[in-house]
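Below: a set of structures, written as structure tokens.
Look at the two complexes coming up: subunit A is in both, with subunit B in one and subunit C in the other.
Entry: the complex of A and B
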């Protein structure tokens, strides 16, 4: 287990290195941030001063080494526009994004799992057809379109739901959350639902497919032949088997959800890192963009590791670090 | 004395909007306390389906469409599903073919025993433990206490089948349906499992239906045998009588195709052709296309006719009688 984790951490470091290269050089290709700082009457000398100040006069490989050196010390540079460390800004905004993504994940499971299981148990009923149509629609409609339609319907037309911001939050000391106030939940509902749709569609499909497969296995027949009540057969004997692929896929998708949050946060003006990224791109705030991307990759890698560990807990046949399969 | 189980004119069908297939027809048999009935026939003849028709676990769209299933003289077909569940595992138990597939891969052995126990009894954790250890001990599993925490994949095939047998016998059922429980095992293990089940059922007076396509296995085990062909019983009676002097041409063919130890060189006989599909049965005797004794009279289905007080055969021209020219 320990050996396995060390190997995975080394892999993760490699991924991060490649990633910094891509991001750093990629971002350097687009636009010139100097003009953000330069006022209209700034002459050549003033421009040179700004360039030197930002370290942009150095050759690009030296800029990269400086960047990596700083990164290793946890320093991702100062935001050009805010003048504070980029990492600070991200950590300030990250809780709102994680809250949104987490709410979407829970919603996808709580709604998707029962729907998928139901559709798997009665695959020919009209209920199953309804569920499957829903999952197809949820999967194929663009997220931004659904978000906008929801705002138009529930906020503009009906006036039931707020469409902007987080609402009231509670300060827990280390983090602020809108999960604990009614107003906060009210604000969270539409963005979280919008963000959860793709995951929900996936959970429905996986749960349905898993259920259809599992219900024909001998171990389910055996449990029934022993008189185990149907609730227990479904809730433990079948569920634990269908959860394995669902956990894997959701774990891998969760990073994607955080990335998708960019769209949802923009639509609902949710003050998370996604919205911040869009703003940063608009003004070419390089350190902030780079810091965001690195944080996202870091989260992806960590999540994958966690999923593998969780997976081995769910499926006893998987032993981390090799051994008997 | 009333037999433990009687099937009377049982018919099991797969009913779909397009078509109805009768997979079991006019099936009658009985098993007494302490008796072992061997149910033999080639693949697809309906042996497993007979087992599932008894404890009503046929996969949809299959269901019993006519006849009676009498347990201690009482027809259990009218019972509701909850009433039926209370019989499964408590009065009627089942053991399956492939021990790899019978136990749930993601639940500990202890959990699976516990679920089977709690299906019919209210027990404390300590009682469950004692009962589980005793059950594993009884089927010859070494260090049963340690086994409770293991998962099925950590046991060998033979051990797994022992666990399945222990679970099936937890509540001292009156009837055990064993669906080819040794087919997937090594020959040496086969013998052990055979002896184990035989011994346990003899000791407790359990009625046993042993399903097998292997006449050799059944010959050494059963008191009586019933031979199935295309969903019907074609011959039924005491095992020695039938092996010595089969009355149905199909039974004779089965016996002739079993290799006899010590008699090498003699050509094994084969039954020409194959069993017709259920959708494509000839109008009369289903064996007619393969039967050397078939005449025009075989174009109407012969009834299961008593040969003597212990035997019956479904054939117009049973062996031992002249075939009219």
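Entry: the complex of A and C
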């Protein structure tokens, strides 16, 4: 296990290095940020001064070396837009996005799993058909459309839900969360539901397919033959087995949800990182874009690792570390 | 039972009302303030928040004309010295007295440069090589290296910070957390939650008098539809940039009010004047020598071929002011008799014929698609209108982060200081923030000169000695009436020569719940002091 983890960490470092190269040179190819920020009244002398101040007059390889040098000391540079260290900005907004993604994940599981299991157990009933049509709709409708329709219905027409921003937060010392206040949950409900739809649809489909497969396996038949109560057959024997693909897919999907919750965040003006990234790209705030993408790579690598470890816990047949253990 | 409950609730609310009678104004804005350091950037999204907290020596009225701010008066003592008399009895938010030392500190801070800030207004001090000296606690002298008329306009861009609070403060960071955010303005810093809100509270000791709102909250809502929804369901009281398609309905709805004023931002088409232009070919695809845009009749024909009213009504929801001027009405330099060109395709074709281009040619029109109101749709409309008079026009719209680099710096051939703008015809905008035309003429009509800063926004590289002479003279003429005349002459020459093709001034709109009254501003900023409650 330890050896496996070390190997994965080394792989991750390699991926990170390649990413910094790609990202750094990538963002340097498109446009010059100085022309976007500087006032139109700023003349050539003024532009040159800004370019020199930001270090953009250096050859690109030297800029990269400086960047890597700073990165090694944990400094990812200062945002051109905000004048605040990029990492600070990301961590300031990450809790909001994590909270949204987490709420969406919980919703997807709590609603999706029972629906999927039900549809798997009674595949021909009209209830199952309803569930499957719902999952189809949730899959296919564009998120921004659903978001706007929800705002129109619940905020504008019915007036039940607030449409912008995050509600009251509670400071837990290390992080601020809106999960613990009523106002916070009120604000969270619509964006979290919108964000969860695709995951929910996926959970429904995976749970249904898994259930249909598992119910015909021998161990379920034996369990039933042994007189194990139906609830335990489903809850202990069947559920554990259908969870493996669900965990894999959700693990991957969760990373995507955090990294690219952009659409939902901008529709509901949720102060998360996704929205910040889009703004940063629009004005070529290079340090912020680079820092963010590196964080995302880091997150994906970590999530993959976690999913692998979770696997081995869910299914004892899976051993980490290449067969030796 | 239910009735009784309602009654009790009402009673509870009524008795509670006086205790909780906080007047809170929530403003839904399209772009969020990126920093509360007033010297970090001069983008209007930031400046409009700064202006509640910090003030300038010179303020701008709703038509962007200079009025007394922290300075009560200013006048030139001679050709190169201006005397500013400061307002007496002004207090910082923490109770300290405001003096000339703060002004000197502010200018020194800007002069030293705000490190890492690409959009800082610091360059305003370099214009005219300004120097500053304190004469006494309430007098400051500004000297320039030659006669320089727009000192007051430049100082209207520079917010004054408190020496005792901002000394040693880290750029941006210490202003975002409030430690250095001590101003003299009508509102005080309360909280700043990036991405979510900026909250300001009333300054009871403001020299400008009673402040109407106890609290002002700026909420960024980037998406147009979401911002409108937030207004409709009451999450915010007023929004800027309501979507133009919804303006007609908002105007008719008794629950909402719309306020409107032409902005200082001119949207125009800039022809390229190089001998050979890469994006202009004849109908068979061959390069054209000379470039047909160098003939003023061609440029006039292009202008006459544009149906500006149709763009206003069909694309802009009525929110544009067709123009042939370079500054909006009410600004110093506005020329009354310059009226927007009428739509006249016949005359356009006749002019093309006369110039020898009766068969037309091909051109690519470049522009941004995320910078100006409905920019991509305007580009498409113009392209269709031009194609109709025989000039086959292709549109290449791109995000602003790519557009502006290519527009200004051009292709790989260019070197720093010798930029070769790339486009043969491009749509851009120019905002006359200072409220007067001197730098608009110099920036857009004067011949490009990297050393003097002339023609800084002249990306077509138009060059006309008659305008140059007047523009340079205007920049050195202190007497306002004389300067106005010189500027108007320069503008008239430029517009009659079709140096560029003005389309319209954008029109600023705000939408608010009924019960509010707003005095709109040309410079696109939303100020709580200009929003009032009405019964």
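The working rule: the second predicted complex is superposed on the first by the 319 of 325 C-alpha atoms of A that agree within 3 Å, B and C clash if a C-alpha of one lies under 4 Å from a C-alpha of the other, contacts with A are read in each partner's own complex, and residues count from 1 in each chain.
By definition in this document, a residue touches a chain if its C-beta (ideal position, glycine included) is under 8 Å from a C-beta of that chain, and two chains touch if they have at least 3 such contacts.
What you are looking at is a predicted structure, and each value in this text was computed from that prediction instead of being measured.
Enquirer: Who wins on subunit A residues touched, subunit B or subunit C?
Expert: Looking at subunit A, the partner in contact with more of its residues is C.
Enquirer: Tell me the contact category for A:81 with respect to subunit B and subunit C: first, second, both or neither.
Expert: Only subunit C; A:81 stays clear of subunit B.
Enquirer: Should A:276 be classified as contacting the first partner (subunit B), the second (subunit C), both, or neither?
Expert: second
Enquirer: In the superposed arrangement, which partner chain does A:155 touch: subunit B (first), subunit C (second), both, or neither?
Expert: Only subunit C; A:155 stays clear of subunit B.
Enquirer: Determine, under the contact definition given at the top, whether A:43 touches first (subunit B), second (subunit C), both, or neither.
Expert: second
Enquirer: Thinking of the overlay built on chain A, is A:296 touched by subunit B (first), by subunit C (second), by both, or by neither?
Expert: After superposing on A, A:296 lies clear of both subunit B and subunit C.
Enquirer: Looking at A:226, would you say it contacts subunit B, subunit C, both, or neither? Reply first, second, both or neither.
Expert: first
Enquirer: Figure out whether A:244 sits in contact with subunit B (first) or subunit C (second), or with both, or with neither.
Expert: So A:244 only meets subunit B here.
Enquirer: Under the stated contact criterion, what part of subunit A meets subunit C in this complex?
Expert: So the residues of subunit A in touch with subunit C come to 30-46, 48-51, 53-54, 78, 80-84, 89, 92-93, 96, 148, 151-152, 155-156, 159, 162-166, 266-269, 271-272, 275-276, 279, 281-284.
Enquirer: Spell out the residues on subunit B that touch subunit A in their complex, using ranges where they run on.
Expert: Touch list, subunit B to subunit A: 52, 55, 57, 59, 85-90, 93-94, 96-98, 101-107, 112, 115-116, 119-120, 151, 153, 164, 167-168, 170.
Enquirer: Provide the residue numbers of subunit C that touch subunit A in the complex, in ascending order.
Expert: The contact residues of subunit C facing subunit A are 28, 34-35, 37, 40-42, 113-119, 121, 123, 126-127, 171-173, 176, 193-197, 219-223, 225-226, 229-230, 232-236, 370, 399-402, 404-409, 416-417, 430-431, 439, 443, 450-453, 456-457.
Enquirer: For subunit A, which residues count as touching subunit B in their complex?
Expert: Residue list for subunit A touching subunit B: 216-219, 221-230, 232, 236-237, 240-241, 244, 314-317, 324.
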